[in-house]
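Note that chain A is present in both complexes that follow, paired respectively with chain B and with chain C.
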Partner chain A sequence: MAAFAGGDDIGAVVAEIGHYSTKIGWAGDDAPRSYFPSNVAVLRQGDKSRRIQGVCHDFYTHPIQRKTFDDGNWETCNPIDPTSGLMYDPDSTQGADGFDLLRDFLHHGYSTALQQAKIEEHPFLMIERSYNTPAIRQQTLECLMEEMNVPAAFIAKDAVLMCYGCGRTTATVIDIGHSGTTVTPVFEGFAETKGIRRSPTGVHAMDRLILERLDALYKTKQPAAHDGIRPLYQVRPVQQYVDPEGQSLPRPQRRPSIHFAARMELARECREFGAGAAVNITDTAFHAPSKSFTLPDGTVLDVPSVDRFAAADLMLGYSPATVELREMHLEDCRSNLKKIIEKSQYDDNDDDEEEKSEKDDKFSEEAAVGLSKRRSKQPATQKQKQLSSRLFSNRQLNRACTKHLQTLLDDQLTASPLASMVCDAAYRCDREQQAALLGNVVLGGGGSCLGPTEQAVPDYLRDQIESLIHAHTPGWRVRLLTPSLSERAILSWLGGSILGSLGNFHEMWISKQEYEEWGSAIVNRKCP
Partner chain B sequence: MTDIAEILGVKSAPQPIGNNKPLLPKPHSDLTGSATELPTTVPTFVRIGNRQINPHKPARKWTWAPFSSSSRPDGLLLNHWVRANVEYPDYPYARFDIHLDPVQYTIEEYKAWLTSEDWSQSETDTLMEYARIFELRWPVIHDRWCAVCPPRPVEDLQHRFYTVAAKLLQRRVSHEAALETKALEAVAADSNAEDPKLLLETAAARSLASSDPQHQPLMQHLGTGTSNKVFDLAYEKERRAHWEALWNRTKEEEAEELALRNELKQVETQLRKLKKRGAHVVAANGTAASRAATPIPAPEVAVQQVDQAMATTAPTPVPGVPYLQSARLVLPATGGETGISKALVARMEALLAEMNVPSTVIATKRACDLMDTVRRDALTWLLLEKQVIQREGVLRARRLKLAKMGGNIRVVDEETLLGIAPPPAPRPKPVTKAPAAPAATAAAAAPGKAKAPVSKTATGSKPAAKKPAATASSSSTTAASTGAPTASTATSSIDAKTKKPAAKRKRKSEDAPPALPNAAPSSGDVASTINTKPKKKAKPGTTKETSSVSTSVAPKAPPAAAAPAVTTQKENSPKKE
Partner chain C sequence: MSTGVVVADEVTSTFNAFKLGQGEKLKYIIYKIEDKKTIVTEKTGEKGKTYDDFCADLPDDDCRYGLIDLDFTTDDGRPTSKLVLITWNPDSGSIRNKMLYSGSKEALKTALNGVGIHINATDHSELDLEASVLPICRKFA
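== the complex of A and B ==
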């Protein structure tokens, strides 16, 4: 044992389920073993409950059911709700898709990449959003403890882990994610909730913009096409679709959600491997050369530099067109959130008393702030637990989350550019912290991997932040910390890997026994 | 293809010594050639850093073994890699499990001492819990607080937390002191002896028990990070207000401050330069000796000086040598003992030029005489002007000094101050603080008095000082650690120790009159002690000295008073021992 050098390998597993990708791996490694898209195709039961029957992890290019080619009933599903950015299903009242998928993802990751390790044998570190609501954390812990049966678990905030990944404990953390961009001030390892700023423009919005541009470009090349660029499965030669007897089958029809996901995948490819999105560092948009991108049907598109810069500008820029676009995204997000809140309030009205009493037990105010009392009654049997958690949890969850979603709507959502979000987040904290918070700014998340050079985004951001804060405090310097391009997208996972392999982290785990004793509310006390 | 071994005439590859088994399995048995049959060269020793590793020895075994840690109450069993056959007494990282102790109180304690109009008990409970969980990181506590309870400013949270902790600690200290008093009194009654040390200690404990809690000596509880002194809310609010004001400054204000700072810096460098040159700054506000160093000459001297200077350069007619009137037009002599400075001559020329006096005239006797007179007058005037400026400076400095001394004396006539008039008869020194003076002198005399017996009876005081500490340690379970070293060290250190409280007393008594009305506490005992000696402060140690103990033993009181304080603190935090 490397005594006190810091690490002690206890075989912990670190997992992060993001809106775009899921990362699972051993704590102490320098990259996750398993990295797969979170957007999956699911087949639901036909009945009213619409429980998930089957999950397909790789549906973009291949037929989902290779034997029967019966793809028509599959649709995409994501454990993360894009509006709130949480593992939360506002639409379903019966099963909770997020938690069903969580179970499936873990099984998938463990079986494919972790040498068939048993979930019951390894402590499990789950990474969550820093603005996650207490009720969802409780539900996650319950799912891990009762359905997955992990021996010990911990739920850590991604912003804090990003800080750790860059070797800091106090910093303002920028996370440019898929479903949105979040800025969180972190003070000595604790995320400051009052400073969190969130914008709905993330990589997803960027890809949608690129998709629109690609469609427009495609139309100039192929005037006959009326539905934009076509994904791979639509252009695959017909003779590939043959049944086991050798008879060719008609080209399968897929649901719109799958079609859209496949088209978005093309936009992502264009961004990552083709034309690429880039920060306009030289301000010579019209002289930069265009780049070509080949579509699956062989069409070669010349993506002009304006389009590439526009995509990056969506998050960073100040130009009127981008500001308008951002406002539009914000309005979309707001209206969706309002709908969710209204719906849960509507649900509230047709409650019966029994449910209410149970609600007080589990997602109470006290539980949410981590001041819960010891669980008085004996833990229920396995069957009862499953029944209670599965049948009623979603309504309760909706109700318990409403307050936090309202906060998100009123307070945290913004459409301002990234640099102002950073300053705003730091200025919402105590005066005495601000210099330290702005002194270190950590940049991470997949959206920060923009070109044209590795340091383009950090440098651009630092200049903007400094020009903003120097209006007030001319002496302050901003240090922008970010790992190399290959590690930016998994920065929070890396932080989790560091944390999970620390020797003195051992006392922080929530053990099975503690869960039995205190109930799921212990997560809000032990993982602040 | 020919094998290289055949070319070289080697039959077969040499076998490794001692072990005929191939060290590595052949990766591809279908490959032919000597490369696969060559021995793997295993070095006999490998150095890694300072360690030598013998690769032929089998490696030490590691096992994937379950472990539990003493830092976890639930005994969670996880696995990790450890050396096989090694016993670990505890998880090595368990020693890093350090947390704050919670500030705890019972419901009765809360009702008796801690009730507040602004704070309910549940809010207070929440605050205490958060302070423990977040280990006094106030920004974080405030952040979580605002999510749960009605928002309050962070300094209010701090104030409540530290006030509750301080009140609890004060009550507990008083309580402990009362218990100790009782125990000591019982001992005194038993032994029935007039042991002065025992009496002294009893008195110290009694005064600590009965005094107003706010006058207790500072005691810190390291386990909870609190002390028995109340958080200064007003100061904290003011500090934050200043911070806010600083933040909200406009750019203009900032620029103005910057300019002022630069100006101040310039003035300071100027002053430093002047000081380096010594001279007038020292002279202006300095002593008689330094004033004597650069005397300001009398006005008549100026006239003489000018005459001499003019005389040295003016040519005297010598028989047989041609005498030119124009020779009289040269400038007066500069430098030397009697000469005047070049700068003065330059100023004179400037003055004459200003008044349109031509520098060259037709050198007749009359013109030269006139010229001489004009120049002489100009020089004299300049010298006198300089003297006036100097004397004004002296006058200003003296006035300042006078104001500093607090004098409201009528200013004497300027001539006296300037030193022109003959010095007046010496007068008595001004009396500034007539009412406070006796107290101050009495207090100033106190340290000397207190010190004298100790230093004289050096050998006698040594065991005497040791005794209270020893009894203190016997009366309580833990040793009084601060008392013991003081007693055992030499008399010089006792002197050093005793000087401190005496000096403090002096300072206190100086500002005693204004502090007295505030210091009158509600507690009857303390009030009575104060009434008997109104000049002294109501600090526990000092009141005891003045009221019940003679001055010769007074210096030894502080260690004895500190003894119960230390014991109570230790009993409050047994965990950290």
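== the complex of A and C ==
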């Protein structure tokens, strides 16, 4: 059992690594102390090996290599794969980007915000997606226990934590995230996997739409600009780029992925500045004023109201143009997902002999139930040597995830507007659960922080859901719960913070001894 | 997913007495979580009290659990009385408390076995006897 006196004595650390941002902080706090974007610039070791050599967290405003300004080899990288939304890298057979970056992010978070805290001293609560596969969960636990040496760990589902954060044990949880929107029915504290709906229309899609509109507007003002709006690093004054001898250095040349990421930052600023949801987009669009948005190079763009509300309409709206756009995103996502699944199966055929010799498949069903004889890994000394050049074998992980990705493709991906997704998710659950599930709907995630007022989006959504339900069952009431705007984006982290600080929670942790005894499959038994 | 909060022994013994009608004649019992660790009895209401007294006993900005012996008539006209567990989780309470009480509900439910009707109330309108509570009771009775 866990060897800790209580949650209050030794603080636990709660971390959530999302597609957009990573939040790390102490359990019991009201906000994560370390909050930084997950999109980082990385330098890979070379063309052959994709191992990560260097990571830079702030590449929008400063050049990455301060001395030489040679940014040409850096590209963006994200621990979360945007198509599946999980910490999963289908391409690399040599190492998993996600887990390398996990290590780096944790160190970054600990050193910048949690002063003098050592990873080995504090229990670690990790927040995962509700549709996370058991294999990735096991891999994460392995990485935490063996590489980071945490004394105890627990992996909790974000949908359940969001639900608890609003004071319910049963609700349909809407998470408007960066890579996509997920609707999870949570019943009595357990996420009902058969009802999970996922749509690729999330904040990323909204930002892309805004970027297109901004580019179009920019072209009307500056017809000479071919690339559209220019991000911050391209418009810095020339005096900055002078080396010690006084020679002027060329402007940093960056790869397209970094350029794109920097432009998306601008789109994000614009969205946070003025986007909103309109109840009836055709009418209100004419009455709402346009807002002016200043670009880094000084141009002032007047964003008309139609464009302002277009972002939210992408998520919530029913008009044919919006539906078409969503279907397009869905098709993109579907084809990407198919490629990922094919790739994982291709790898499988490739190394059949090598894999057959591996008798104990650590991701198999037996391991998950505890029947497999596989125990934890090598003795300590060997581990130390291997630590520096550890490579995760991705093939087993890929194979184990294929089934879940296939379910994602067939069942869960959808392009419906948000209200339909909610009803869909609830109707897939048992009949007795439906009334309770639809009666409580929790809204959270970064994308739900749309204006213009705090309750605009919730009220609009609630009306939509009610009108959908009343077609079948006129009596059911819908309650939409959501915290204030400042807490919506970090609602799942807040739930985790509360869970990690509860007095008796220390019985639920997976301690190092348990991990040594049972292997990584214990996570599937202890973390629901 | 539970939170690890335990139920105090006196809760189980008082509940058994309440169920069988022995000992002190009670109409309702209100529980709270002490020190974020144990569920204990906060106050009780004697037989003479009414449902409105029970509602008045629930604080406006903090969460509680309430177990009440409710008398009502079923759909076919039979008078009956049932034990109802009400989780009082007002929206004005802190997120921490709401989460604590929601997560620990399971532990309390197992301790109070035999209670068939569970109600979640988030404001006084949901506590309204005629509008919200009784229809649910009638469905389960």
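One rule holds for everything that comes next: the second predicted complex is superposed on the first by the 476 of 528 C-alpha atoms of A that agree within 3 Å, B and C clash if a C-alpha of one lies under 4 Å from a C-alpha of the other, contacts with A are read in each partner's own complex, and residues count from 1 in each chain.
Keep this in mind: a contact is a pair of C-beta atoms (placed from the backbone, for glycine too) under 8 Å apart; a residue touches a chain by one contact, two chains touch by 3 or more.
Since we're looking at a predicted model, the values are computed, not measured.
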First (chain B), second (chain C), both or neither touched by A:483: second
First, second, both or neither for A:528, with chain B first and chain C second: both
A:190 touches, of chain B and chain C: first, second, both or neither? both
Touching partner for A:506 - first (chain B), second (chain C), both, neither: both
First, second, both or neither for A:166, with chain B first and chain C second: second
Partner chain(s) touched by A:156 [first = chain B, second = chain C, both, neither]: second
Contacts of A:431 with chain B and chain C, given as first, second, both or neither: first
Touching partner for A:11 - first (chain B), second (chain C), both, neither: first
Touch count on chain A, higher of chain B and chain C: B
Residues on chain A lying within both footprints (that of chain B and that of chain C): 188, 190, 503-504, 506-507, 528
Residue numbers on chain B that touch chain A, as the complex places them: 69, 71-72, 74-83, 91-94, 96-97, 126, 129, 133-134, 137-140, 142-144, 146-148, 154, 240, 243-244, 247
List of chain C residues in touch with chain A within their complex: 1-6, 35-37, 63, 89, 91, 93, 95-96, 98-103, 105-106, 120, 122
Touching residues on chain A, where the partner in the complex is chain B: 1, 3-4, 8-11, 121, 123, 151-152, 187-188, 190, 192-194, 365, 369-371, 429-433, 472, 503-504, 506-507, 509, 511-514, 517, 525, 528
Contact set on chain A toward chain C in their complex: 156, 160, 163-170, 188-190, 479, 481, 483, 487, 494-495, 498-499, 502-508, 528
